[in-house]
Amino acid sequence: MSAEKFVGEVLGTMILILLGDGVVAGVLLAKSKAFASGWIVITMAWGMAVFAGIAVAGTFTGAHMNPAVTLAVFLDNQVKSTGAFGVDSLLGYWAGEMIGAMIGATLVFLHYYPHWAETEDPGLKLAVFSTGPAIRNMTWNLVSEIIGTFVLIFVGFSLGNATGVNSSIGGALGWGLLVLVIGLGLGGTTGYAINPARDLGPRIMHAVLPIAGKGSSDWEYSWIPVVGPLIGGALGWAVYYYGITEFVAKALGPK
Amino acid sequence: MSAEKFVGEVLGTMILILLGDGVVAGVLLAKSKAFASGWIVITMAWGMAVFAGIAVAGTFTGAHMNPAVTLAVFLDNQVKSTGAFGVDSLLGYWAGEMIGAMIGATLVFLHYYPHWAETEDPGLKLAVFSTGPAIRNMTWNLVSEIIGTFVLIFVGFSLGNATGVNSSIGGALGWGLLVLVIGLGLGGTTGYAINPARDLGPRIMHAVLPIAGKGSSDWEYSWIPVVGPLIGGALGWAVYYYGITEFVAKALGPK
Amino acid sequence: MSAEKFVGEVLGTMILILLGDGVVAGVLLAKSKAFASGWIVITMAWGMAVFAGIAVAGTFTGAHMNPAVTLAVFLDNQVKSTGAFGVDSLLGYWAGEMIGAMIGATLVFLHYYPHWAETEDPGLKLAVFSTGPAIRNMTWNLVSEIIGTFVLIFVGFSLGNATGVNSSIGGALGWGLLVLVIGLGLGGTTGYAINPARDLGPRIMHAVLPIAGKGSSDWEYSWIPVVGPLIGGALGWAVYYYGITEFVAKALGPK
Amino acid sequence: MSAEKFVGEVLGTMILILLGDGVVAGVLLAKSKAFASGWIVITMAWGMAVFAGIAVAGTFTGAHMNPAVTLAVFLDNQVKSTGAFGVDSLLGYWAGEMIGAMIGATLVFLHYYPHWAETEDPGLKLAVFSTGPAIRNMTWNLVSEIIGTFVLIFVGFSLGNATGVNSSIGGALGWGLLVLVIGLGLGGTTGYAINPARDLGPRIMHAVLPIAGKGSSDWEYSWIPVVGPLIGGALGWAVYYYGITEFVAKALGPK
């Protein structure tokens, strides 16, 4: 995989996490002007952060910004034997997404610098970086992450049929609205990581950065928002590929 | 009707209900991160759930996801004697929509699994699955569902004139914004079922699934969100067909 | 002017007012599921109600739905001597807009029927139908309506440059977002009638309909949301025509 | 630079500030119908105000409406030696943006005229016109403004790749959504001026206009939202140019 694609994924994911983790900081950290401004603020920001990230890298890398998306693209190329997206691309994209997420989280740390010391609860500080469950239950938290990411990949891949070109502004907006509605509809349980890099990259930075008054990085939970999205992404791709591409679309074609 | 169209409607409606019933669960169930986050959250999610469902199935089946839409399409084909959408299609789409809604409701049950036992009020649990009236009055509740679905079909069919192709991302967004504004403007009375499958499918699953601490499925009310939308849909189609297509458009053509 | 254009304006304006007055009913009337759901709900609904109305009539009549828009179109045709939109069109559109607004308001009355008797404050009932000022001051209330409608016409006419075709879904969405932002940015003072038919038509129906426990229709204020928008619309058109069309665009052309 | 371009920038920026400062007035001033309606109202309005401003001037001037955008365009033309946007354009645009912002702020003063005397806190009155920090810390406030404007320019310039034509309605909407998400994600610290003209122009008018019960114009802070956005804009352009244009895009081209 080329260095240019790596840089593209880094830059796109950096913007996603800067704006996405940024809104959680704005809503949770003490004295922020966006303090306690609600679920619509958080979900709208994450949706439009996806839009912004695709604007940056969509035309160059497809702007996965999410290892679950990259896994689905990899599976798609494997089953079709295109040879266009092999293991080197899989690993290269994953690395770019992780690096980008870590840079984005660091920028959030800097952007809200004076607010960390003003905030008492260390749990809120972790929540800016990484997700945590509303009710801690490893089995069902995993199910939630699987279902959320299933919807992301299944509907997101379908968007290509509806939009023609994923990298157009229509496609960028479509993916943004999709992440908005996943947040609104399915985010109440685990905070919809639905993206291993979005959760693990910032969690590493939470552990590393000198955040005033920080607490545990909750490593015990950290595998759920990594494993769940990868399973959900693979499932979403499988239902899309065998359900839509191979079954429905082969018979009906675009209407 | 082909099995492929049936599967398309199942998948599209499944996504609609998973995201739509999902947001009600997020706002109503105890300990959810989206708890009590308000009407804009509910209405935005249902609107964008329609967008997501159309992204899945729009290019293949038209993504009705709603027996009232299917009835209107059926009437349209009958009056035009196209022969393209007969009784078999009507019944096949209806079946697909019901099955899809039931699968979607089941996924919501699983997604929010630990939250059912944490929620005390059984009325809130039913509200996740099916609509209920703000003020119980069978006559006026029926009128509300008729008016809401009239707007859905009348304006939705008109969108085709404004967008050219219903299955494009513009059309998907248009239908999504339409359902958003119907929810905002007309949802306060009966919770805007405006779709028999959206209400009856999940209500059946509410009766069937082992939901912790559930109460009545309120079958007494259940015919309103089925009959009302079918009447409203037929009316909406009639005003569109005789008002716009046969009267206004025939004389003026597209501007 | 043809009967078809009249009917188109009636139907478009009916949808605008049904959804727009509908959201005010939803937010203000007792026991509504949307009760007290806030300014974003009201402004988003009015914006998307404009979108829905344009979807209905945009391709046939331009979907003015507003006598101030019609006045601006009339002035535009007069100054260009096109002969395409004369006094008969001006009066015909105005009549259609008033009739449509009155039908829409009546549908809101029916849609929320059981809620009127449940609501105590007669001022809230009037507010569903017509606007009133936050601080009653005839001079400054008039200024507010002039400025709001100036923005509507000046920016709305400019949208044609940005979108190419006003009747496309892009144009419909553009006008909807414009009315959204006018509501958000300028609605706090007089409730942004910015449309004589939107205010006067429903006010007449408030006086006529048998609304349980209604009070005054506030005729004393009623001329402000009629005269203000007409002045503001003419001003908005003048700045657009002499500022953009004749000055900026003539020299620069579309970039 | 031509007088027509100057007038275009004046008119576009006037609309931006009228709608943007307008929403702050609506949310903060006593007795406003939008009083205390929250962060989503403020951020949505500023986003769509950008959309409206681009609708006015986008096809003629590019609708910078922001000296940081103009600086980035200037740098872009210098490094490419196009000769199309020299120092005269830089200064001409800057002047137009400042004049437009001052006219827009004056219209907000008039639009909300009766509300100034009703509002007690002079700090809220200044907040309508200009930004102020949540936690006053010159270093970190400057960092916040740099980061916010970096995102604006870096992602905004990238939008051109995603949309083809910046002046289309897609581009206008894209910039609007970008400003929405910057507000949501990064606005909590300093109120996201990210635009020297947006802050300094209205601050001058706050000092000049006869606002009832006004207090300090806080000149001590006033350089931050001027210098920060100019640095952030130059940085955003540099990362876009050397990262995307010269590195990623040169190798990969549009996908």
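Order of writing sets the chain letters: A, B, C and D. Residues in each chain are counted from 1.
The working rule: a residue touches a chain if its C-beta (ideal position, glycine included) is under 8 Å from a C-beta of that chain, and two chains touch if they have at least 3 such contacts.
If you're wondering where the values come from, they're calculated on a predicted model, not measured in any experiment.
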Common touching chains of chain D and chain A: none
Relative to chain A, chain with the most remote C-alpha centre: C
Degree value of the rotation bringing chain B onto chain C, based on Cα positions, nearest 5: 90
Copy pair chain A, chain B: interface residue numbering same or different (half cut): different
CA centroid of chain C to CA centroid of chain D, Å: 28
Distance between the centres, which are taken as Cα means, of chain D and chain B, whole angstrom: 40
Residues of chain D engaged with two or more neighbouring chains: 38, 40, 170, 173
Graph class of chain-chain contacts, one of line, ring, star, complete, other: ring
Contacting chain pairs - touch in the sense defined above: A-B, A-D, B-C, C-D
Contacting residues of chain D [partner chain C, same complex]: 2, 4-5, 7-8, 11, 15, 18-20, 22-23, 25-27, 29, 31-35, 37-38, 40-41, 44-45, 48-49, 51-52, 54-62, 107, 110-115, 118, 167-170, 172-173, 176
Residue ranges of chain C touching chain D (in the complex, touch as defined): 38-40, 43, 134-135, 137, 140, 143-144, 147-148, 151, 154-155, 158-159, 161-163, 170-171, 173-174, 177-178, 180-182, 184-189, 191, 239, 243-244, 247-249, 251-252, 254-255
